[in-house]
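Take a look at the structures below.
Shared between the two complexes below is chain A, which pairs with chain B and chain C, respectively.
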Partner chain A sequence: MIPPTAYLDALSHIDAPSNITAARQDFLGKFLQAGLPDSHQEDWRYTSLAHLERMPLHAPEAMPETLPALEDYPGALLAYSDDRLVWQDTTLPATVLSTLSDAIGSGMPAAFGSLAGNGSLTQLNAALWREGACLRVPAGERLRQPVFLRFAAAEPDAMLYPRVFIHMAVGSDAILVENFLGDPGIEYWQNPVTEIILEAGARLTHLRIIEDSKLATHTGLTAVHQASDSSYRALNLTLGGQVARHELKLTLAGAGAEARLDGVFIVEGRRSAEQHLRIVHLAPRGNSRTFYRGLADGRGRGVFDGRVEVRAHADGSDAQQSSRNLLLSPHAEIDAKPQLEIYADDVKCSHGATVGSLDEDALFYLRSRGIDSETARRLLLEAFVGEALGLLDDTGLRDWMMPRLLARMPRSHSEESRP
Partner chain B sequence: MLQIRNLHVAIGGKPILKGIDLTIHPGEVHAIMGPNGSGKSTLAQVLAGRDGYDITAGSVQYLERDLLPLTPEERARAGIFLAFQYPLEIPGVANVQLLRTALNGQRRSRGEAEMDAIDFLDYVKDKLALLGMDDSFLYRSVNEGFSGGEKKRNEILQMAVLEPRLAILDETDSGLDIDALHLVADGVNSLRRPQRAIILVTHYQRLLNFIVPHQVHVLAGGRIVRSGGRELALELEAKGYAWLSEEISDAADFMETYL
Partner chain C sequence: MSNLDLQRQIDSEYRWGFVTDIEQEPFPQGLDESVIRRISAQKGEPAFMLEWRLKAYQHWLTLHEPTWATVHHPPIDYQKIYFYAAPKMGNRPKSLAEVDPQLLATYEKLGIPLQEREALAGVAVDAVFDSVSVATTFKDKLETLGIVFCSFSEAVREHPELVRQYLGSVVPYTDNFFASLNSAVFSDGSFVYVPKGVNCPMELSTYFRINASNSGQFERTLIIADEGASVSYLEGCTAPRRDENQLHAAVVELIALKDARIKYSTVQNWYPGDAEGRGGIYNFVTKRGECRGDNAHISWTQVETGSAITWKYPSCILRGDNSVGEFYSVALTNHHQQADTGSKMIHIGRNTHSTIVSKGISAGHASNAYRGLVKVLAGADNARNHTRCDSLLMGPDCAAHTFPYIEVKNPSARVEHEASTSKIGEDQLFYLRSRGLSEEDAVNLIVNGFCKEVFKELPMEFAVEAQKLLAVSLEGAVG
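Here is the complex of A and B:
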């Protein structure tokens, strides 16, 4: 197992003013008692984190010396490397967007830490987060440009705990992009937690992209709390990581709140990608739409685990879940598990999940028009995942995102996809 | 242009085509008629290069080359076009994207320059008008939510764009009302050229009132049992396929006894 000294050492690396050590030691104590989640826990039955035990994990030491070449980010940007802020490009006032340690320096944000819950990895993040971001959009304000948070890893065997806190005041409106990535070829563990509070009538569009290295482990949590008539629209793209797991806990706490959760995951080689969605309808007339597309090639493994709970008194709720998946090789595997638990009356709920293979008839149809099989396959796969990418048009981020996404599409007739 | 010699085809060990001989010259229109299950669609699919059929004997020469080893896309690039009996719906692929990708794939293979989006739009708009289709067809997903008639017109639109040397229309008349049939037939007639051959696969004579063939072949039990001029189709319509069944069973008896 990872020696507790590794975590205690990480704790000692945290700088003031965010080193609120009593609380952090408490969280760390709870984590050490519980340990890493293992596959005996129902929510973790698909995931193995055993490899983490064999890694010399540690808090990143050296400050990154050179700024990595940054892609163009069309909006405000906070860029982190190994859990330190290395670059910012923003004209937003610090009261709206700042690092989390700066925000805490001028007083702990109200409700910080209230949504994350008590999963052991979440407690580990609460104990050891070193830097992060705080976005607080004032009432009625609409941010003109997207806010990009770029969390990169550069040091091998680093443990990273990015922490993000988002507070959307009444009637505010913003676009948030979280981008997780790392140097190709290095192993590390990224364990981020993002809390999002939407007050009445607030709107947040949230693009979350996992592009971690092919050897990385990503265990992320997004927790969302929605007041009445608020709108949360998310696109979760899992394109990287050896083991990538994203848990999304969303509560429709106020009447008439709506959530639209789209997602695409692509796995090949021996990569795995898991999406665990926990949607709770607490109040009347909530509306949630889940729309995920998955592709697995090689010996890749995908999991869609979506659970919607409609609690008593959440009458008039409408919850739809769709998970469609394609297996591109005989050794790939996808488990799709949509679940509905309904304790209210007068609700509209449905779910559908399919796991299939590429349509040979459609492939022949395209080839019979003179389109080579490689292009035909690419057209069909792009069309398949494209159905979940509507949010890119709504945010104007299609041109920014598509080249990165297309670069991760499975190649035809790759070594791995051959039987 | 096309010489089919003694073609035998089986699916999963079951013989479907049992010795087809057919020769087609440039500019000709041939109708292949026959009852359900006679092997008409199998012949169309085999010519287009569909997987899953075992060629157990015979040969197909197309423009002086052996057709059978070619992949479906190689055949298409050599000028063969199959209008599907049941055109596929492809959600998320816009019609215009399919048409331009296909045309440019063919142009590239012939060493011609690709057409850019603007030139292509000009090119395709003329073809749309030919089939009474408006521009909105271009931006809808391929055949998704199309009516039966729209799907068949869309097949002929693809033919018009790709300008094949040999077009095989598989039951293009099935499921069409009379107005749609007129549109489709007018479209096909406007695409007749001295260098282009057309094979019409059909169950009914009706289509042949609008697209007049040079020759009619009757396929039954995996063999061409009769060939003739247009009057053969009229005779079939008057007397039904049962009229031929006696001859067919006689022929089968003959073959089983003596061959």
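Here is the complex of A and C:
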């Protein structure tokens, strides 16, 4: 196991606001007691973090000196490298968008830390986060530009704990993009936690893009709490990481709240991508739509684990879940676990999950129209994935995102790898 | 439906809740090696059986009772259970005339045609009263075809080679907590062997009945269809009313060799407990079939309306190429009943197909869960699975859950899962009522339609019983 000294050492290097130091020690104690989750725990049955034990993990040491060349981000931007703010480009006042340490320095945001729960990795993040972002959109305000949070990794074997807190006041409206990436070829562990509170009538569109290095481990959590008539729309894209796992805990706590969760994951090589969704309908007339598409190539493994819980008295709830997956190689694997837990009777819930391969008839049709098989295959894969990308149009980010996504599409295959 | 009707339904007594007063020779409470030795000795078992039981017991001691099912019950004290109870009868009766008349009267009340009644010709009954099989019918007819249909104890004595070869080959004694317990202490059950190429001409049937208070029943059923054979087996249960919870941990193993077919149908109507959920049967069953040869076919059909707690996942291991596994289930829970049931389909061979159709109905304070696994291994080219789970909710206090697991390692496989949960549509009810149907008839019609896909898989005798059972169990559940 990773020696506790690695974590204790990381804790001692944090120059955090002093008002939370005791709490950090408490969290670390709880994590050390529980340890890393393993596959004996039902929620972790498909995940192995055993490789972390073999890595010389440590808190990032070097202070990045030069700014990385940043691509064009069409909106406000906070850019981090190894858990330090290295660049910002924003005209928003600090009361709206700031680093998390600045926000906490000027008073702890209400409800910070209240949503993340007590998973052991979440507690580790609570103990060891060094920097992050805080976005607080005032009541009735609509941000005209998307807010980008870019978390990059540059140091090998670093443990990174980005922390984000989002508060959408009554009737506010914003677009948020979280982007996780790292230098190609380096190993590191990214363990971010994002908490999002939507007050009554607030609207948030949230893109979360994992483009970590092919050797990286990503174990992220997003926790969302929705008050009445709020709307949370998310697009989760898992395109990188050796082991990439994202857990989304969403609570529809107010009547008439609405959530739409879209996602795409693409795995090849020996990569694995896991989506764990926990949707809880607490209040009447909640509406949740889940729409995930997965591609598994090479020896990749994709996991879709979605659970919808409708609690007693959440009458009129409507929850639909769809997970469709394609296996593109004889060695790839897809595991799907769409679950419903219903404790109310006036509900409409359904889920569908499919695992299959590309439709030979569709390929044949396209080829009979004179399209070569590579192009035909690409068209079909893009169309398949495209079904889950509707939010790119709604946010105007299609041009920004599509080239990055297409670059991750599975490469063309020789005949022998097809069934 | 008025509240009065609802109340009347809820208060209605369990129809089969009578107790037959027959002298029992109980073992002491609790479980240790000596109890197992005594069970084995009493049955005159060969040494290999005792050895197997003891290994199972040793393994069981290392296990913990599973907690993952979404069911709740007070902890079971395994040292308070009578692990074996046999009606006192001395030697086995040679004919019905020698059978205790009280016993026969019990069967009479249940309507079991123990005497060879031509009216139910085609059904051979191997009746299990508590733990000892008391009479078997149609045996001669089956014998001429070479079919072995007898109690498990008899099979151990008469066909030890078959038992030794197949027992535990699908559900090993290490399989799970309850299967291990069963392996150690199983009292009796049914044994069927259909030889090569033989088509069993009648539906084989067994009635189980739990009688002695606090006597856990540990049935063991083993059905083997040799190459090209086919057999259809029916299992049906009712149990007398008792206040203490009764544990039932059965194991059923099916083995279908090349080109063989086994159809296993169950109607389960054990005492579900009273309206507060007291005193029902705990039914923790391990049922699994293996399509061991190519083109084998195993089909499970079940209608579950009884038991306080049901924990049951009839499964198919599709090892042979082109083999087929099917699971059709209706599970109805009312009052405080809890059911956690589903199926596993393990695709190992090529071109293997499986179908799962699960219909869950929850009413009152009941909870009903589907839990299943469809696993396609890397070698299972062109495997196909279609799973459909529907839940119907009646009333604001019931619960319905779906926990499917899908694990696919072959790109030529096609696996589809769909599930839905809803209540009976007001508009459907309104439509039927506007056509002059009473609310009760309308509900019955809708529920029957909801379950039709499963009922049509049942053999005739059971299909009729199942529909009646459902109607009785559901009357007054919607109002």
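In this text, the second predicted complex is superposed on the first by the 410 of 419 C-alpha atoms of A that agree within 3 Å, B and C clash if a C-alpha of one lies under 4 Å from a C-alpha of the other, contacts with A are read in each partner's own complex, and residues count from 1 in each chain.
Keep this in mind: a contact is a pair of C-beta atoms (placed from the backbone, for glycine too) under 8 Å apart; a residue touches a chain by one contact, two chains touch by 3 or more.
As the structure is a computational prediction, the values presented were derived from the model and not from experiment.
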Message: Output check: A:His331 vs chain B and chain C. Expected answer is one of first, second, both, neither. What do you get?
response: second
Query: Which partner does A:Gly356 contact after superposing on A: first (chain B), second (chain C), both, neither?
result: second
Message: Going by the contact rule set out at the top, does A:Ala383 touch chain B (first), chain C (second), both, or neither?
response: first
Message: Once the two complexes are aligned on chain A, which partner has more residues of chain A within touching range, chain B or chain C?
response: C
Task: Name the contact category of A:Asp102: first (chain B only), second (chain C only), both, or neither.
output: neither
Message: One more residue to check, A:Glu42. First (chain B), second (chain C), both or neither?
response: second
- prompt: Of the two partner chains, chain B (first) and chain C (second), which one does A:Asp346 touch, if any: first, second, both, or neither?
  reply: second
Task: Based on the superposed arrangement, let me know which partner A:Asp318 touches: chain B (first), chain C (second), both, or neither?
output: neither
Query: Do chain B and chain C touch any of the same residues on chain A, and if so, which?
result: none
Residues of chain A touching chain C in the complex: 42, 312-313, 315, 325, 327-357, 418-419
Message: Looking at the complex, which residues from chain C come into contact with chain A?
response: 68, 70, 376, 378, 381-382, 391, 393-423
- request: Using the touch rule from the top, collect the residues of chain B that touch chain A in their complex.
  value: 48-51, 71-73, 75-77, 81-82, 84, 87-88, 90-93, 97-98, 101-103, 105-106, 109, 141, 158, 162
Field: In the complex with chain B, residue positions of chain A that touch it
entry: 359-362, 364-373, 375-376, 379-380, 382-384, 386-387
